[in-house]
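Look for chain A in each of the two complexes below; its partner is chain B in the first and chain C in the second.
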Partner chain A sequence: MSLPKRILKETERLRNEKDTGIKATIHGDNLRYFDVEINGPEGSPYEGGVFELELFLPEDYPMSPPKVRFLTKIYHPNIDRLGRICLDILKNNWSPALQIRTVLLSIQALLGAPNPDDPLANDVAQKWKEDENAAKATARQWTKEYAKKVSDQKEEA
Partner chain B sequence: MKFGHTFQEALAADTYPPEWVAAAIRYRQLKKCIKKVQKELVSLGLCGKTLQQLLDNGERKGLISYWFQGTLKEFAPMLVLTIDPDGGIPVDLELQEDTRKALEELVKGGGKIIDITDGFIDPNGSPREEVPPPHPDDSPEGSDCAEEEETKKSYVEIPLHADVEFFRMLTSELESLDMIQANEEKRLKAQVVALGNMLSAVSMPKRFNPKSDIYAWREIFRIYVESGVFFSTSEASEKVRSADKAQEQLVAFGEKIQSLGLVKSFKNKESTDLLEEFLNINGGLLRLLRFQEINKTAMRKILKKFDKRTNLGARQTFPTLLSADPFFANTISKALAFTISNQLLPLIPQLDDYLCPICSSISIKPVRLSCSHVFCVRCLVKLQRERKRFCPLCRGDVVMEANAANLDTALYNFLLQYFPKETREKQLENEAEVREEQFGMVRRNINEKRAQAQRDAQEMGCSIM
Partner chain C sequence: MMSDEEYFSDGSDGTFQDDSMRFDDVEEEDQYLEDTRFDKPVKKAYEVDFKVHSDQQIRSGQQAQFEEISNILGLDIGQAALLLRHFKWQKEKLIEQYMDNPDSINKAVGIRPEAHEDTKITKVKDFVCDICCDDGDSMETFALPCGHRYCVECYRHYLTQKIKEEGESARIQCMGDKCTMAFDASDVQAVVDDDTFTRYKTLLDRTYVDDRESLRWCPAPNCIYAIECGVRQKQLNQVVPTVLCDCGYQFCFGCGLADHLPCPCSLVKKWLKKCEDDSETANWISAHTKECPICVSTIEKNGGCNHMTCRKCRHEFCWVCMGPWSEHGTSWYNCNRFEEKSGIDARDTQAKSRASLERYLHYYNRYANHEQSAKLDKELYTKTEKKMTQLQSTSGMSWIEVQYLDNASKVLQQCRQTLKWTYAFAFYLEKNNLTHIFEDNQKDLEMAVEQLSELFEKPVDQLANLKVEMMDKTAYVSSRRIMLLEDTAKGLAEDRWKFNVELV
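What follows is the complex of A and B.
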């Protein structure tokens, strides 16, 4: 089946996306597979880090949500070791009026507002509840260790 | 190069009407006037350095205060000296002999003593801080402690004729600038309205006008909005552009239209003239913007020069008065740019406003749900088939109740008229999709994928936030 117009338009718009700290580029020649970079939001333990993700648009997108996964290791109560993300709009609360761009912005917002009461990574969530400061320190540590740096990203560009 | 020269050149170089040039800030005359103020101050023994010592500033209350009293329409600069109740100059001041002498003479020789009941005194202030507040507006009517205060200090106005002259001159310039601007605004607005009327005629849908130029004009306006001539359209920087930048964008807009050969595609010869007129209006606004800009710079420079020569600090106090002035508030050029956007652009509906939020193509046929959100019928059918109950835009539980009665006929007819090409294309696509579905292939495929997706979700075992 040919690529729906909507996906073409979204891709075009993402190409021109600036200033928001999200980036999605088509991976190779598969027009439904994207390499994604999300900048950690300011004021969060992920600030200064650039996180890599992969995003795939299933055949019946936008009736079904895109599949998104973190590739960069990240310490976050709603993201597990395999990079899977617990976010309502990626599951039951998906709406076909949402887009790749809005999904990525929601993920960026999730980094800024972790929700340990609805954990995907149980151990992380527990730490987060017991000693939030220590958990955040770990998150910062991991960001430093595993994420690309914002400054490097700028040099590439 | 000196600014006075640059300013004259800028006024001469652009194609300003003579009355504009006449109304522009008279930088050279003002500069001469500053010299007079300076001379006057020196004759009072108040050279720049002495003034700096005596004058109020942000951190320290001084013996002399300088402020503007009144409103922009009518105000006077006030230079006021604090003296002892017996009319003497405070002795503890380290004043140059001639300065002291000059000031004493001034006090004796009928310098106007300012009545405290004028209300410039802060009744709660400690004696050290008993100087008029630098804000002309907060002057409470009559103060209870006035008499008590009077026994301690008095205030004498130091008359500065040249200073009054300088600011009178400056404000009279402002008035004429305001007038120029108001006239230009009226003229441009009338042009916009006239253009709008003619534009409606040439861009009528085919049914009413077989030689409709609607597609060409739609493209022109789309590019115009994209060019963001007077405003940047990107979210991060939505502010008025500088005249230079606006000109650059306007030129780029003109070039793009040329390169796309849109003018050649016009079927009405009036359209060519109208495009010219549209560019003229934009040029007119640009000229006004540029005129504002150079006059603002001139104003800034002349105040800076004034302060440098006199040390009176007008740059801090005068601009608060100016902020009420329409010419300097910059609202007109903004308002005019909005007039162009609001009056002209809506005449040509843009496709982007009529896209289905699900498939991003024109909403044909448009179905309006009871929450008033519109989707194309194909996407709605898909939602219903998959039992997705909630409106994709507002999550209202309205999808399943929609039926043939939800077709928005008025909108449908409007889209057929204004977007004939897009409508035809979309209808062909829809038909092809339906045919494909009747073979059942796509449907089965989708169901399989869905089942897989559900299994994935269960495996992850994540409860939803």
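What follows is the complex of A and C.
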């Protein structure tokens, strides 16, 4: 099946319009599969981290939402150990008018504003509610440990 | 204790006067035949008012309400429909709140009464659809009053997916991000194909019935009817609303399960749960184990030695007499010390815990037995038809004349169903005088049912001669059933029954 015009357009736009802190590149020769990098938003415990995600456009995209998953380990009440994300627009609030770009921006916003009242990772959410500072410290530490920029690692090496 | 006679004489009519003669078959049956003619139009205490609706009636019922709201509030039919669905068909609440604050409700529901013109399918010059990124002047486009315009092809794809895949109907919104503008039936019809639109209407009917407390679909397979009944959820402890669908399926309007008269829904739920959890396990426990006299752990003896040591509390006792092992002295492995006091005590504790189990099993076995018998009777029913044709040829009776067999088998099944649930009911009853009356009623019904069941098993050549007896028995059995149900229904309505559990 040929690729819908919509996906081609979006891919092109992603290549040309660079948003700060968001990068999506086609993975190999599968034009529906993207490697994504999101920078932790400023002022959040994830600041300075670069998080890798995978994004897949299902057959009936844009009628169905894209499937997105964190590959980098992250300490966040709405993201579980497998990297699955609890975000309304990826589920029942999906609108075909949304795009890859807007989805990624929403995920970035979720990093800046965790919602422990609608948790996916229960233990993390619990911690977040009991002792927010400690939870944020853990998040910061995980960011340092797992979400380092590749370039940083090279520098260290 | 009141005598049965006194108790029943306060029934509203003469139905129960014959109660004192219940063992005098002939007289009683005569009495009954009269009674059926006499009290037929009177509603029984266990009956509820209900109405069966076809899908057509369901649809026209909705339409009438749309028109009413549309007239009152000056909206078009589609908008009225969206409002009604949003308010779960509570008209008064809708009208009141809409009068107070139409704008916020319009917003919440996703309608815009002031804009009418924009929803048509049109062609727009230099249009690019944001969803599929196609363009072209000949492309047809569509938008709800919110103005989020996309190509018709995308909308069709979107709506078809919503309707066919996700089963959505009443709450389909505009494709625009965060836009809550809602699709009404005419909008949907304008975009999708006929097949999808038919599905859409079916789904709407479904949500209509699901949303209304006074409506319920008949749960029988492939049945298209819905039942309307005024009994509310909170009344279910006082009444068992049993309804009969036009398809012939009899079920409880309150919980949707098959007819479970005379047991109220909450007891049925408890009972089914208990049976699911307990029955087989309980049987096995009863047959194979004893409890430790000290800590009441259930113990299975897996070796030949009678010197038991409880693994949990380390208590040592004798499997045979249940007394402490230490008292066995020199007569170890040879338990002949029956009268020892501590042994009796230990057996007492055990007896108590066993008693509750046995009580349950008593009721469960009878419940299960009737369930099983009902199944067998059902098989009998298929044989009945064969018998009926056979009978016609051997005895020269006409088709009409052999209908009594059919009737008898129907009554038999109905009574088995009722009997089955009387045991669940009785399990939760506290013991008092009323319970005695109930058990008497139950016993009479059960006895009569067994007799009828027996008649049924007779070979075909005898059946013709048994016609009168069988018809009498059938009439008697159904009168006993009615009596039992009347009594329990009145008891529930008057809150007379005392249960050993909370009705929730």
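Everything below uses one rule, namely that the second predicted complex is superposed on the first by the 148 of 157 C-alpha atoms of A that agree within 3 Å, B and C clash if a C-alpha of one lies under 4 Å from a C-alpha of the other, contacts with A are read in each partner's own complex, and residues count from 1 in each chain.
One rule holds for everything that comes next: contacts are C-beta pairs under 8 Å (C-beta built on N, C-alpha and C of every residue); 3 or more make two chains touch, one makes a residue touch a chain.
This structure is a prediction, so every number in the text was calculated from the model and none was measured.
In the superposition on chain A, A:141 makes contact with neither chain B nor chain C. After overlaying the two complexes on the shared chain, residue contacts for A:58 are found with chain B alone; chain C is out of touch. Touch criterion met: A:102 reaches chain C, while chain B stays clear of it. Applying the stated contact rule after C-alpha superposition, one finds that A:18 touches chain B and leaves chain C untouched. Legend: residue contacts after superposition of the two complexes on their common chain; A:120 is shown touching chain B, with no touch to chain C.
In the superposition on chain A, contact of A:88 is made with chain B only, not with chain C. According to the touch criterion, the shared surface of chain A, contacted by chain B in one complex and chain C in the other, consists of residues 4-6, 9, 60, 62-64, 93, 95-98.
Those residues of chain A that touch chain C in the complex are listed here as 4-6, 8-9, 60, 62-64, 89, 93, 95-98, 102. Partner chain A is touched in their complex by these residues of chain B: 234-236, 357-361, 379, 382-383, 386, 388, 390, 392-393, 395, 442, 445-446, 449-450, 453, 457, 460, 462-465.
By the touch criterion given at the top, residues 130-134, 148, 150, 154, 157-158, 161, 175-179 of chain C touch chain A in their complex.
Note for the complex: chain A touches chain B at residues 1, 4-6, 9-10, 18-19, 58-60, 62-64, 78, 84, 86-88, 91-93, 95-98, 115, 118, 120.
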